[in-house]
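The following pair of complexes shares a single chain, chain A, combined with chain B in the former and chain C in the latter.
Right, the complex of A and B next:
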């Protein structure tokens, strides 16, 4: 079998596996549903997810250890992940091939030649990783300068080095001692400067461009919801994801860029590719030419996926191991082995010191700049409601890779990608929006945390969510608190009975309770008692349409009998108002003023019982802007949200 | 042949490098591997303990001094209790916890009066204190509060340092047996750098707690969103009374804010009540001070709760009570 056939089978396998994982991320026990499918495995295999969270949190969470496999493979074999495994890479390769297959050899060779701009992906990688490394840097710089002994020691050491630098004859050693002194001074100086300041902060943003989170997110949130229909039911119908247009735009842009240059994303943008390039720079096995036989026919360059110039000095780090050169070479010159290429090879693009520093410093500086908005501090946005089990905001932003797995698996479709409400850092992180979806956040559901590959949403047991068993003393997990908007609520503002919210409140005892009130109804004129016949009141005044007032919610009081509780209207007809009973017989006399009252149950929220599930908000019949809305107050995940004692 | 030899050397070099890389990546991965998800709310648990600043097991002493001039009143009241040297030993560091809650001029009585601050700082220095520090975590902007209340200038003139609170001065603290003060930020740095604490509080009306006096003054040592404790203010004040065991407190009732407290804002909110209380027992001081607001100790639930919590006694007359008239 040809090697590229093997490669194509591998790519197809992983591509289909990826699609399968996306498709089965639907709660259920059928084979085509979630059951136990390891739907995040490809994300875990992505070492950029592991490295990013490791830098941001100092831990490598559970399944992310799989990334090591990719790392080891890359060190030995080169970028086998890019060419053989990555489903996003397979998509690019396929689209690029489709777009270019009819082009002339010269055009294809031109499209596949190496371009210096391919080093941009390094800039992106370094920028994103340094943004995640703020806390790591803070740890490096935290030398407890309060301790005067440490400061004195450092000062003495650098002084000694400084003297040595001046004394030492050899230019080489003089240079290095000078560098050492400058490093120590810089370290101490930065340590002082950053101590207790806002100069360093960590935020994981690799997910914006990391190919696997990007692909998962795009398919989960912009493709499957479109395909979801009668023929292919991927999930509960009618999934909506506000703001997914930006996700789709990014996806289609990078896909369509293959029409200009094949594997555009892989060559210029992909930060994972850049990481694997660095790891695979000195791979044991690599592509290369054998010493004799090359006629410079260009067959290899024409089909090169990595744009690594196989016909001349091969840029081995750019090579994605598509093996097209090996397959296409008519003279059997190309080989994959331990020997360096006979025509010469070099590792691949290198950033200049200046480019490297610029990317690093801007990455480190960007996060503190973003944090000045106060989004994780005093200015936290109460509209940002995170899924149950989500970490506090600062730690959440250290882990979330915006892969959209939680949004996809959420059975009620209430988890959505954030736009700017969680700040620029929070773009495409999960937020709950109860206007959309089939219900609020189901009390008995813990799916999102089980799928989160980085534990930005912790995988909580059901007992923890419900606050029972060993979690009984902490109470249930609250994601927010419902607030009644009395200006919009039907009973509160418009004298209409409703309390759908109370009825749907799922906690027991209910967090929404009501207080009863009999409010006088607005009529066009006074009602006066003309005569009383048993339980019927004949009256003068405007007509009372039975379909409105004889519904069981309307009651009557008489001005002359203030002590008698309102009596329910049983019916209204030509015979006047029929009452359920008539306690007014004794006291009322003709001419007495009749007041029609509506019995209202006014909703209140008990914040100690409310878990913020948003079912009330979802069900509220005031559909535009709900009359009861959840806000992140009292959410258990963050101390700053605390509302009650 | 030479080419093959070089290849072999090159091969060994590459193998070594690959091996080292794999070992490094592997050990990093394994070293930082974390099979468990992070805790719900991370962060260090409160390990801070606060010392007891009181003067020891002697029975409580209290002096109620009548007069109008704060400087004389406080000097003579301390003199009646054995002088400042009975409370501050030479070489000790003293922290004065003032009430600087509001950015309000001293004449309006919403904050500890600068004359009182100045007098107490001098008394401490005369008693041989090595260092006197003045602090509070105000409600309004801290710098403005210290400046406009006149406390900053008065303290510095008299030779004390003023600590304006910053984030880094707070530490999380849990009160043993406390229900409210749990894992809560406390203005720890000045507390830990002091051997003695003297509370200086004005007498003020307070709509929620009934009165703001020496016990309520400790509220200003809390950080964070402390006003959520207003939901159960009496319990909180009682917990504060257990949390801070001061050396001595000074309750300034020369003028008392009778209405619109605790901010006041008008001279008409003040009433001359001509009393200054110095006490080793803040519960007794507040119990005695309640009368200045026309109230009784039992009208103020936090006093009874603080007493029940063992922070002092309501029956200030049972203490070693001195009543003087300042000359």
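Right, the complex of A and C next:
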């Protein structure tokens, strides 16, 4: 069997596997639902996810160890992940091939030649990783002044380097030792000047462009919701994700760029590709020319997916192991083995020092600059409600790769990609929106934490969510607290009875309770008692519509009988009110003023019982901006913003 | 893409290919095996996870007799009172509470050894046969089909709904596959047999309506506040198709003839108070009033102990025909040749039994 056929089978296999994983990320026990499918496995295989979270947090979440497999494969075999496994790469390859089929050989060769702009992906990678490394750098700075062993070591190393710089003759080594000494001085100096808390901070933004989170996010949030239909629904009911336009636009742009240059994304943008290039630049096995026989016919360049110039000085780091050159070479010159390419090769990446430093410094500086807005501290946005189990905001931003897994699996569709409400750092991270979806956040659901590949949302057990068993002392996990907007609430602001929020509150005892109040109803004129016939009061005054006042929520009091509690109206007919009972018989006289009162149950929230599930907000009949809304105050994940002692 | 010069793959290439394919197969098998390790996210959905008293479902007696059904308990039984009903059914609790809800028992059952399909049964004790029929009829689904083997029951794609005596039952399956639906049928019949059999399946007020033009399965019983008017309680309604026009007839048995006449009058007065006008040509039914309410007609009259009429008719001619048939039918029930009351007034009878 030809190796190229095998490669295509492999790509198809992983592409279908990826689609299957997206499709089955639907909560349920059917075979086509979540069950135990390892839906995040391809994300776990992505070493950029592991490296990013490792730099940002200093820890590696167990599942991400799969990334080591990719690393090892790349070190030995080259970018086999890009050419054989990556489902996004497979999509690009397929679209690029479709677009270029009819093009002449010369045009295809031109499209596949190496371009210096391919270095941009390294800049992107360095920028993103250095943004994630802020805390790691802060730790290093602290180390330079806080650990006596480190200080002694630094002093000794500086001394040794200083002596070496004076004694070493070779200019090259002298330059390097000088640089090292300067770095150490800078390190110690900075360590003394700052505690690192403001100058350095970490935020994981790799997921914006990392191909696997990008592809998962795009399929989960923009493609599958479009395919949901009556016959085959991937989730019930149809999904809505405000802000999916931007996600979809990015996706379609990078896919359609293949019409211009095949594998545009892989060649110019992909930070994972850049990382694998660095890892695989000296791969043990690599593509290359055999010593004799090349006629420079260009057949290999014509179908090269990596734009790595296989016919001349081969840029081995750019090679995605598509094996097209091996297959297409009419003279059997191309091979895959341990030997360097006969026509010469360049390991790459050929990034200048200046480019490297600019990317590094801007990445390191970007996060603290963003944090100056105080979005994770004093100026945090209480509308940013994170799913249950989410880490505190700063740690959350160190882990979330914006893959959208939590949004896809959420059974009620309340988890949405953030726009700018969580700051630029938080774009496309999960936030809860209780207006959309089928309900609030379900008490018995722990799905998002189970699917989150980086533990930005911890995988909490159900007992912890509900605050029972060994977690009973801590109480249930709160994601926020509901607040009644008295200016919009029907009973509070408009004298209309409504207890929908209280009825729907799912906790026991209920976090929403009501206090009763009888308020006089505004009528277009005075009601005066004319006559009383058993339970019926006949009156003079404006006509009262029965459909409003005979619903059981309306009561009557008589001015002359102030001590008698309001009596319920049973029925209203022409000129008369029937009461449930008539205690006014002895006290009232004709001409007495009748006041119609509405019994209102005014809702209040008990913050010690409210878990912020948002069901009240979802059900509130005030449909625009709800009259009861959950905000992130008092969420368990952030003790800074708690309401209660 | 075909190679420029067709090449025969070498041995190493073929072996490598085979090795890669073997790895792919292994990955496929691994992934397939993984799906048997059910995710905690999915396990949390199982009812036994949510309720603290979870234990072996077998610990407590199931709420349904499972003999020969091929089903086993899949969750422990749960019970809800009027105070806790909302915990189980959220926003719909009001409907049941208003109709006299007493208690709810629920439990899931699964075909032996199946873990991905089950049926959840909801047994609502509504206190009386009348209340049970009321919630049954008021919630009838759009997609309902009558169950041929069970009287007073209907099915949707994956569920069965029925009223038996004072109980209203919902059997909701995880899917609509025939074996599961058949097992639901077996359980439902067993429940029916052990809870009064055919007698308990009688539709309250079954003979209040004339047969001609009656739409099958259109009967409803509104226990309170019918048509938005509080005094109209225990109103039976039925759908009719007359000359291609859909109509709704209503009948309610009252204490005596004068109560029926007074209620007819007060309903008419109320409609007038809301702005209804007397229709130009009153129907040829003794003592009946036809009122124009916006763009629909309401016919109201009484016959003996019965208040009756036609609700929100869009066609006066068809409505008049129906009113005439209804009046004649009710005269037959109240006249000298009327059948004994126990056959006609199950609703009233039930009320007395309470």
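As a convention for this text, the second predicted complex is superposed on the first by the 603 of 645 C-alpha atoms of A that agree within 3 Å, B and C clash if a C-alpha of one lies under 4 Å from a C-alpha of the other, contacts with A are read in each partner's own complex, and residues count from 1 in each chain.
What we mean here is this: contacts are C-beta pairs under 8 Å (C-beta built on N, C-alpha and C of every residue); 3 or more make two chains touch, one makes a residue touch a chain.
If you're wondering where the values come from, they're calculated on a predicted model, not measured in any experiment.
Undergrad: Assess the superposed three-chain arrangement around chain A: do chain B and chain C clash, or do they fit?
TA: They fit side by side.
Undergrad: Would you mind checking which one, chain B or chain C, touches more residues on chain A?
TA: Counting contacted residues of chain A, the larger count belongs to C.
Undergrad: Is A:409 touching anything from chain B or chain C once the two structures are fitted on A? First, second, both or neither.
TA: Touch partner of A:409: chain C, not chain B.
Undergrad: With the two structures laid over each other on chain A, which partner does A:75 touch: chain B (first), chain C (second), both, or neither?
TA: After superposing on A, A:75 lies in contact with chain B but is clear of chain C.
Undergrad: Specify the angle subtended at the CA centre of chain A by the CA centres of chain B and chain C, expressed in degrees to the nearest 10.
TA: In the superposed model, the angle at chain A is 110 degrees.
Undergrad: Have a look at where A:636 lands relative to chain B and chain C in the superposition and call it first, second, both or neither.
TA: After superposing on A, A:636 lies in contact with chain B but is clear of chain C.
Undergrad: With the two structures laid over each other on chain A, which partner does A:65 touch: chain B (first), chain C (second), both, or neither?
TA: first
Undergrad: Using the touch definition from the top, say if A:278 reaches chain B (first), chain C (second), both or neither.
TA: It touches nothing on chain B or chain C.
Undergrad: Tell me which partner A:150 touches in the superposition: chain B (first), chain C (second), both or neither.
TA: A:150 contacts neither chain B nor chain C.
Undergrad: Thinking of the overlay built on chain A, is A:538 touched by chain B (first), by chain C (second), by both, or by neither?
TA: In the superposition, A:538 touches no partner, neither chain B nor chain C.
Undergrad: For A:459, is the partner it touches chain B (first), chain C (second), both, or none of the two (neither)?
TA: After superposing on A, A:459 lies in contact with both chain B and chain C.
Undergrad: Looking at chain B versus chain C in the superposed three-chain picture, what is their shortest Cα distance in Å?
TA: 15
Undergrad: Enumerate the residues of chain A that count as touching chain B in its complex and touching chain C in the other.
TA: Touching chain B in the first complex and chain C in the second, residues 459 of chain A appear in both lists.
Undergrad: Using the touch definition from the top, list the residues of chain A that touch chain C in their complex.
TA: That would be residues 1-6, 9-10, 13, 17, 27-31, 33-38, 41, 84, 97, 299, 303, 324, 327-328, 330, 332, 409, 439, 443-447, 449-451, 459, 461-462, 466, 468, 500, 503-504, 506, 508, 543, 545-547, 550-552, 570-571, 573-574, 615, 619 of chain A.
Undergrad: Give every residue of chain A touching chain B within the complex, in rising order.
TA: These residues of chain A touch chain B: 50, 54, 57-62, 65, 67-68, 71-72, 75-76, 196, 279, 282-284, 338-340, 391-392, 395, 455, 458-459, 636-640, 642-645.
Undergrad: Name, in rising order, each residue of chain C that touches chain A in their complex.
TA: 1, 3-5, 7, 9, 13-14, 16-18, 20-21, 24, 27-28, 31, 34-42, 44-45, 49-50, 52, 84, 86-87, 90-91, 93-94, 115-116, 174-175, 228-231, 266, 269-270, 272-274
Undergrad: Where on chain B does chain A make contact in their complex?
TA: 7, 10-11, 14-15, 17-18, 21-22, 25-26, 28-30, 32-38, 40-42, 166-168, 180, 224-225, 228-229, 231-232
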